[in-house]
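Each in structure tokens, the structures are laid out below.
You will see two complexes here that share chain A, one where it goes with chain B and one where it goes with chain C.
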Partner chain A sequence: MSREITITALKYNPSDADSQPTFETYTLEETPGMTLYIALTKIKATIDHDLSSDFVCRAGICGACGMVVNGKPSLACKTLTSSFPEGKIDLLPLPTFPLIKDLSVDTGSWMQKMNIRVNSWIVANEPTDISKIEKRISPDVADEVFELDRCIECGLCVASCSTSLMKEDFVGAVGLSRIARFSIDPYDSRTDEDFYELIGDDDGIFGCMSLLACEDHCPKELPLQTKIAYMRRKMVMV
Partner chain B sequence: MSQNDIIESITGKTVQKKKSKIPARLDLLQSISGLFLALFIVFHLIFESSILLGKESMYSLTKMFEADFIIEGGSPLIISMLAIIISILFVFHAFLAMRKFPRSYREHLRLKTHAKMLKHTDTNLWILQITTGFMLFFLGAIHLYTMMSQPQNIGPYASSDRIYTDLMWAMYLLLLVSVVLHTGAGVYRLIIKWGIFDGKNPRRNRILSKNIIKAVVVFYLFIGLYSLATYMKIGYEHKDNYGERYHSTSEVNHAS
Partner chain C sequence: MQVRYTDALIIGGGLAGLRSAIASSKKGLDTIVLSLVPVKRSHSAAAQGGMQASLGNTIMGEGDNEDIHFEDTVKGSDWGCDQDVARMFVNTAPKAIRELASWGVPWNRIRKGDRDVVINAEPTTITEKEEAHGLINARDFGGTKKWRTCYTADATGHTMLYAVTNEAMKNNVQIEDKKEAISLISKDGQCFGAIVRDLKNGDLIAYVAKGTLIATGGYGRIYKQSTNATICKGTGHAIALEAGASMGNMEAIQFHPTPIVPSGILLTEGCRGDGGILRDKDGYRFMPDYEPEKKDLASRDVVSRRMLEHIKKGKGVPSPYGDHLWLDISILGREHIEKNLRDVRDISMTFNGIDPADEGKKGWMPVLPMQHYSMGGIRTTPKGESIDLKGLFSCGESACWDLHGFNRLGGNSVSETVVAGMIVGNYFSDYCTQTDISINTKVIHDALEKQQNYLLALLQKEGTESIYDIKDEMRIIMQNKVGIFRNGKDLAQAVEELKVLLQKSRNISIKNKNTHLNPELEEAYKVPMMLKVALCVAKGARDRTESRGAHYREDYLKRDDENWLKRTLSSWLHEDDLEPTLRYEPLDIMKMEMPPAFRGYGRKGFIIENPLSQKRQEEVDAIIKAHTGDRYALQEKLMPYTLQACYKSKNQRLGDEDE
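What follows is the complex of A and B.
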């Protein structure tokens, strides 16, 4: 038997001088297997055409639909409305990122800046000879690297981090896990000294207070706890 | 002021065009100073609760720390010296930990609303850590100064008089609760921060670490509060003889 749910969302358009921040409440009928993404689509189609929120893949792959759901950063497409027994859901845009409108934020610019800052790419001393087979690496190491490559840059780790909220320049768990990924990768020739130049300050690894809200809210369940500790141990010995 | 400092403050890089290693040293020193203070508190509270075994036990332990086995009658100066060393470590640790405190109104507001909405245990634990840390700036300073300036006033009667008749019980109650909670949260943070017990299953071990720390905190709060209540009882019974010092039963027997 279906039930009625109420969804309250922040509505505000910072680029419109006449826009006032306000909370709008919508009541709709819950359908079986309804995700928050489906509920928002229904609201936009039938109740409020002006409500803005982001989505692309609808399958927890692209990371576009991140928002704060009843206080917790979550992906709308992976959140079932049935997981809220009282049927009341409060939505806010992800903090830290520039607000575009309502629930829509610009994670892309933030991630681009972060990726440039941490040099999020392979740096090899030798030119790649594509006529030769790549040097072999052990499956365990490859698994460790690929595990961190599963990050979808949704920004939930940044939005759940107290340091990120207080310090705008903090690189966040996403940035630290990128560095860990390249630090493990045998194809990357950078030394710990080189990585220190990227994250060896209070906006980098030493700004992290190990509160682990990043780990607890990561929709891909990445091993952020161990990888941040791993980078801290490495960087403190440089 | 050195030219190197001026160059680094302007460019953000040392003269070697490298990032300073100071943030790394400060991060490590914050943890090391916190670990030493935590170890000190762990033993201090156990020794302080020797009153639960009786006045004679507490007196013997006090005299042992005053090195009565090598100095006849013991020397309270040793306690003063220990208090000075702990004070230096305490100020150093507070100075390093302050770097993480929220400062501006915006930072406070963002942290407050974030923590209230997120309902995340470790985030709330950190707020408890900075709140108790802030309390310890004052409470710890009072206690340490008392121990530095009046090391001779430690003993079953002297301590009880201070706690009951001198009305220090309220300060000690707040100090006990804040120092035990702060130490518990701090040790847990150290374990997580450096990945000390990550093992093969870090997520399970994190929960395990948290539960062990919780049990230890409850144990220390129990013995601490029980000891404080015992000092209060002794202080109440001894109020009419305020200022009188305890004498060991062996000393009394010897004298008679």
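What follows is the complex of A and C.
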């Protein structure tokens, strides 16, 4: 049994002087198992060739398709149209990130800047001889690092974050969880003092106001609340 | 005219491109990586199950080494691969995985003592050795003799891609996303960089480089049903083809047995590697009937065909999307699934509302083979350089150097991306270091202007065809006529129909006249590129009158070593051509370390033997018999190959001296 659904999306091209922000509403027939990826692909091919959005993996893995769906930052590809009983869906681009056009935002530049800002990579004192047997790591520690390495940099935490809206350079839950991740990686030789240099300020761990919408919206269900609290306590003690 | 000069230009920001960029940046070269999307969103991230490397740490991988990995890879390829390349690969893979560990990939580690696993659908207990505790673990995958696939749950590609991207940023690689190379700059058989479109503002920029490397992944999106991400359109292949580079074995397309129906999202081979099984409409486990030895874990080409064979016997499960089969991992237990197959569970629950950890039929996931991987690609030497175009390199899925022949083993692809990034990346940076180019600015200007004019002409077209319809038709033709089971009649039709579509694509009209941020314009220049790639696939398949690996001809059931032990090379000779020109490159049996034989799975007795196979086997046997010394020396005698010293060194394993 299929029904008609209506999808309303912001249309705006900030690089075009003639463009004005408007809302465009599309009506289409819902198909079984329809996701917003399927719906928007159909709209783009048949109704509005001009609508821009970002989809890559369409499987909830790559983090490209964050948008605000009926007021909630979500991954569009993982959102089923059937989860809205009224059949009305409003789409807005993610806030905080520069708007490219319509539903497409520039998360790439933001994430690259953040990654460089927090030195989001392993810093090791000793070189690794790759022809020798690898360093032994406790299976539990490896699991713990993996848990935090599951972040897909979709930016939903940043788009949900009040501090991010006010402070342009705030590294967000994504940046803080990166540091939490490297701080427990046995291959990384940095100390808490080193991490303090990176995030021990108002753009880092002390900028967070603990409103924690980041945790509510994280599609990978990362333990952001616990990890931010943990890092803050550590950084206070440095 | 916007021109940027660099030493090393890398097109494609997945694992292969980024690992190559690290190699080049470490040599002090100015290195730029261009990517359609933020690089951490590249399709490498979607690799789930793992990466093959013969560490031999787990008890189920004990005794594993390069020789066994080599043998599995060659058999998997149905003897289509370049055995020199396979040797380079297997020797570097353990180094790659250890390097990745040091860059932050949190590989699953071995816990000493007893562990409950499922083998051949039976609960079993294995005991890991004390001395292996804390070393990198491995799981079972199809077509392998040992448990060799190292993993981080079912998000292996993700953790690898993040580690490699982070390392690239640390090494000052300049990463530019939302940039698309739309043609190469070439003159007199040499490549000088690319004309690049900035997808944020539509600007065209000429990137002039000493060396250019294409690492743009596969071309699965030419099919209607594919596990590939939306960006895997083969445009990297198309720009190389248009600049005069040859493609190798484009007809070698892999169909993965277990994408979920109907979305086509992949469920990793790790599902079956960890003990999951395929069932039919009666709940019956059918694979052992077809493949008594490898059962559900024969190579992907074989399992996919057996599944369709079983469906043809009326054993499929009817659904609105056609018949499918079931993948049952519920037998692995909830704890295992929620830890090691977490993304699979998430996908199944989100897109199908099925919790695969639920016991019994309730937890079975609907699956059907779909396009998954492109074995073919830009034909290169073992060093990664195009055989036609100087200064153009390629590695990873976009290349055909040729590790996979006619079928790739699961776990060998992410492994290849990084290994090739190490090896080819090094050769590429050597080239960029040693090469100085001199190019007239007029050549750059002309190349840029040509693209500018082309895009403007597209916008002004007032034809009758719709680019969206053309794309849909192409994807349906590929799906129905160039799929898992192929025959001469359908393939010939496919070629003709695709030619018509290519012709039609020159007679379109575009409603949206903006030069930038115009999705319709992007379709208009991409679809003709995809059609050229599709034509290479279809024509290569039409003319290859044998069955080898994933290329299966119902009208030529045998692997024909007598006539077809050769690589298809396709090239696009003239801009206005409607189809590629094919030629062939023979494989030399007399130089093979492993002459052609039966794979050990798939149909028996379906080989047209080449007399040289037996002759070479006798030679090999005699060398082995006369050999004294270790396996490394024997390998050198059988098939000496060239590899950078840092990668050719021995890989230490548990029990080796000087641990």
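Here, the second predicted complex is superposed on the first by the 238 of 238 C-alpha atoms of A that agree within 3 Å, B and C clash if a C-alpha of one lies under 4 Å from a C-alpha of the other, contacts with A are read in each partner's own complex, and residues count from 1 in each chain.
Assume a residue touches a chain if its C-beta (ideal position, glycine included) is under 8 Å from a C-beta of that chain, and two chains touch if they have at least 3 such contacts.
In this text, all values refer to a predicted model and were calculated from it rather than measured experimentally.
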Classify the contacts of A:I130 with the two partner chains as first (chain B alone), second (chain C alone), both, or neither. second
Please name the chain, chain B or chain C, that touches the greater number of residues in chain A. C
With the two complexes superposed on chain A, say which partner A:L10 touches: chain B (first), chain C (second), both, or neither. neither
Contact-wise, after the overlay, does A:L28 reach chain B, chain C, both or neither (first, second, both, neither)? neither
Classify the contacts of A:G63 with the two partner chains as first (chain B alone), second (chain C alone), both, or neither. second
Between chain B and chain C, whom does A:R150 touch in the aligned arrangement: first, second, both, or neither? second
Is A:I47 touching the first partner chain B, the second partner chain C, both, or neither of them? neither
Common interface residues of chain A with chain B and chain C? none
In the complex, chain C residues that touch chain A: 37-43, 45-46, 55, 94-99, 101-104, 106-111, 133-137, 152-153, 155, 158-159, 162-163, 166-167, 169-170, 175, 177-178, 200-201, 229-231, 262-263, 265-266, 320, 339, 343, 346-347, 350-352, 468, 472, 510-512, 514, 516-520, 523, 649-654, 656, 659
Which part of chain A faces chain B closely enough to touch in the complex? 68, 70-72, 92, 95, 160, 162, 165-166, 196-197, 200-202, 206, 209-213, 216, 223, 225-226, 229-230, 232-233, 235-236, 238
Touching chain C in the complex, chain A uses residues 13, 15-16, 32-33, 35, 44-46, 49-52, 54-64, 78, 80, 100-101, 106-109, 111-112, 115-116, 119-122, 124, 128, 130-139, 142-143, 145-146, 149-150, 152-153, 182, 185, 187-188
Residue numbers of chain B touching chain A in their complex, please. 18-21, 23-24, 26-28, 99-100, 102, 107, 110-111, 114-120, 122-123, 125-126, 189, 192-195, 198, 202-203, 206
